[in-house]
Amino acid sequence: MSTTRTDTVAAPRRFPLREVVIFVALLVAVLGVYGIMGAAYSTRMLVEASCYAILALGLTIQWGYAGQFNAGVMGFVALGGFCAMFFSVPVNEAFWDSELPGELAVVLGYIVGAALVVFGASRLDRLGVPKKLRTVITVALAVVLYLVVISAFRGVAGQIESQAGFVGGLGLPSWVGWIVGGVLAGGVGYFIGHVCLGLRSDYLAIATIGIAEIIKAFLKNSDWLTRGTATVSPLPWPVPGPAEVGFTLARALYLSVTAVLIAAIFFLLHRAYHAPWGRMIRAIRDNEISSAAMGKNINRRRLEIFVLGCILMGIGGAVLASFNSLFDPQGYLPLNHTFLVLVMVILGGPGNNLGTIFGAVAVYIIWLMSEPLALFLMELAVNFGESTFGWDAPASLDSRALQARVFVIGLLITLVLRFAPKGLLPEKTKHVD
Amino acid sequence: MPLLDARDVHGGYGGMNILNGVDMAIEADEIGVIVGPNGAGKSTMLKAVFGLLRVSQGEILLRGEPIHNLPPNRLVQKGMGFVPQEYNVFPSLSVKENLQMGAYLKPGNVKRMLSRVYEFFPPLKDKRHQPAGELSGGQRQMVAMGRALMAEPEVLLLDEPTAGLSPRYMNEIFERVKEVNAAGVGILMVEQNAKQALAIADKGFVLAAGQNRFTDTGAALLADPDVAKSFLGG
Amino acid sequence: MNELVFFINNVVIAGSVAGSIYAIGAVGVTLIFSIMRFAHFAHGDMMTFGAFMVLLLTTLFPQAGAALGVPTPLIMLPLAMALTALLAVGIDRTFYKPLRAHGVKPIVMVIASLGVTLMLQGLIRLFAGTGGESLYVDDRKEIFRIPLPIEGVRVPVVITEPQLYLFALTLMSVVALHFFLSRSRLGKAMRAMSDNPDLARASGINTNTIVAVTWVLAGGLAAIAGTLLSLDVTFKPDLSFFLLLPIFAAAIVGGVGHPYGAIAGGFVVGFAETLAVFNWGILLRPFRDSLPEWLSLPGNLAFVGTEYKIVVPFFILVAILVWRPTGIFKGKVI
């Protein structure tokens, strides 16, 4: 930014040697992958890495800016992926031409009605009903109405599954799903943040792990909405697909979309970070009590940052699902969609956007390369074992070899926390000397 | 040889020096009282003696043996007891369990010392099965002192034992301190109620800005018009 | 009356089984929380590790139990507890202690424990594969069908042998833990340190010892809980993330840092789960003819399907955090 503030003295401008060296190394690695694996593969890797960079930016503002630890990134990613699928997949005529939409609407109406009745019952004390009696009435009504509504709902859902497969999509452009995915993830984030942000930071981690598993369970088992384990594919792209222009060019076009997205997010975050809002966020993270004493509304700011992070995760998840052209609820794994992102953030530099993007790309390359490497090493070990001891290797060895990557990710997390707690590119804090 | 002898003690938190050369010495069976204005380093000095704060210069001797910068559990073994000003009981443990914790390093003491502590503080015996967190402020202070006495210390460090107590309990605590001392335990305590504390003190140390301002017997300090004017409110 | 027996089998017994497992798991979590002040997310995998050790030892010496007339896994449990305790202490020394010495925020410890959980997961699956395996390698699971001596009751109460052992073990662990915490010198010192670590230090309590003892206890309890779970169903290496939520919900419901609360919380969560997936329509069956039509229509009156069981602990967690974050027994760590 060109404006300089008078109350903070910028550190003397120096040549950003560390940044340049690190990014040159990254560039060399990317070029190396291009040379060995070919352009189509490598471009796909870059697109996926850039989707992960969006997720990582979401986590870096929660963890790096505000010290909130979200252990359920996967859930928000899955929500985004679901929205990308739901909005962009073609309309399912078999569903809309039947009377099922009407029945579904009626059941949804019941649900709203039941919710209103229960809400009304919870306000009975305003009419002079004793509070205890009100609570009993409300709980009893809620239980009975819930059971009635949910079984009606199960009926309709079952009919949809048997007659039409699933509700299908809305046939809208991909970006609509991306935006709604962000909004939906932000909404869930608001709910979680509202409950947990005033309490110990551990509770947020527990709750986010929980909500992520719940979102996954919901998406996996709601066959009427998502086809569940049957998966939905293909998802249309916002740019010409491989069938029209070939793999490399199509993926390159997609890469340009994600690059623009990241640039926009990066710019906006940079502005926000240096704006009064960003300073306030960091002040709260570094010294909660004195910030509160200065009259900052801490919980409000915390909620804002948490929701913002979740929105980014939703968008990133949507973009990723569109690119994979596949919505598979079972494919969302804590390892791939929570802990990988966590490693990207803490390795790159929590709170440093550039470091986070670096971390995302670098870790993703390592992650992809580690799969053939793990298989190769396991094969070596098996060959060695067979020739030396006549060891009869179990059949499921490949899947076990991949578990070694789980171990490595875990080890990486603990090592980085201990030896480089600020990451490779630490957050820059201005010093007033 | 003095029981406790601190010579030219310097120390503080982080880079900030709070103590800038404090001397104090008490004999066995004496009561030493540290008084002075807020921020003079009174509590800091006590913490330095008990190893809760790094001493950067100077030395602290217990019966002639250097003890500065030893960890607290070693000091307890060497015969020192410490009663912090706040959070000085285990609130969810019963009174008896609190006292047992005091003799953690000397399990053989428990039976004998429990009855002695109950003699010093009779109210504790009736409440021995009650959680310490449910007691009144004065009774908690008794639990805290009792806990420290369980290890049979030669010297007991008390950090503002009467802070926040009603005048009735305040007098009672001063009485107990005198009794404990009469039983042969050296006392070094920090007090806000300077007049009352100096009245029972054998030695008084008036600190200001991390240094000794006046050092004398309690009675002499009470009589000194300079001390009275600057530190005892006239 | 058949419906009542059905209720006993599906709710009372199943709920007690789940409750016991959660209770033992939650006690470990709450002990760690009360001494080290962080949520130990690797607890689920410590449970899995304990069960895996039992499986390994049972596979190695399948006949060991026959000599004493008890299932082999139970013979191997004490050994597995020792191994898991050793693992827990080792993990603390290698990964948590350096961070603690650095004075990091509790949330960083939480992240480190997630790193540890991944490492354990990777190791266990590397050696155990990802499929389920029964701990009853060479033994036969006895199933007792107890017919009730009441006229017209055809359905027997069903309880399995491992479930009986489970109740016995749970009771023993709880009693042993109670005596340890309320009678022993170390147990009291542990409670003291959880109350006020500074004062504990000033009393001469060696806090490093207490930390080690806590890990030994937590590891041993985790091995028990994991083995009980695997005895009841099968050993599955990938359970840990599904265990975390109910166990932490139980610890928070009971008031974090409160061992007895954690036990109560474990049973609250266990029963809530089984009640929520129980088909209440069965209890209404005897009154089928006298019911209004809109209520008799639905055949399945369960609150949630079994596939959504994980919603129950989450709902309990959110509810307790909203209304009473200190838990029902007023935990000391919020």
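The letters A, B and C name the chains in turn, as written, and every chain counts its residues from 1.
The definition used in the following text is that a residue touches a chain if its C-beta (ideal position, glycine included) is under 8 Å from a C-beta of that chain, and two chains touch if they have at least 3 such contacts.
Predicted model only: the values in this text are computed from it and were never measured.
Trainee: So which one's got more C-beta contacts, A-C or B-C?
Mentor: Most C-beta pairs in contact, of the two: A-C.
Trainee: Give the identifier of the chain nearest to the protein's overall CA centre, each chain being represented by its own CA mean.
Mentor: Minimum centroid-to-centroid distance belongs to C.
Trainee: Round to the nearest whole Å and give the separation of the Cα centres of subunit A and subunit B.
Mentor: 56
Trainee: Please tell me the distance, in whole Å, between the geometric centres of subunit A and subunit C computed from their C-alpha atoms.
Mentor: 30
Trainee: Which whole number of Å gives the spacing of the CA centres of subunit B and subunit C?
Mentor: 46
Trainee: Give every residue of subunit B touching subunit C within the complex, in rising order.
Mentor: It comes out as residues 50, 52, 72-73, 76-77, 82, 84, 87-93, 97-98, 100-102, 104-105, 107, 147, 151.
Trainee: Under the stated contact criterion, what part of subunit C meets subunit A in this complex?
Mentor: Touch list, subunit C to subunit A: 38-39, 41, 95, 98-99, 102, 104-108, 110-112, 114-123, 125-126, 129-131, 241-242, 244-245, 248, 252, 280, 294-295, 297-301, 303, 305, 307-308, 310-311, 313-314, 317-318, 321-322, 325, 333-334.
Trainee: In the complex of these two chains, what residues of subunit C are touching subunit B?
Mentor: 185, 188-189, 191-192, 194-196, 198-206, 332
Trainee: Going by the contact rule at the top, pick out the subunit A residues touching subunit C in the complex.
Mentor: It is residues 67, 69, 71, 146-148, 150-152, 154-155, 195-196, 199-203, 205-207, 209-211, 213-214, 217-218, 220-221, 334-335, 339, 342, 346, 394, 396, 399-400, 403-414, 417-418, 421 of subunit A that touch subunit C.
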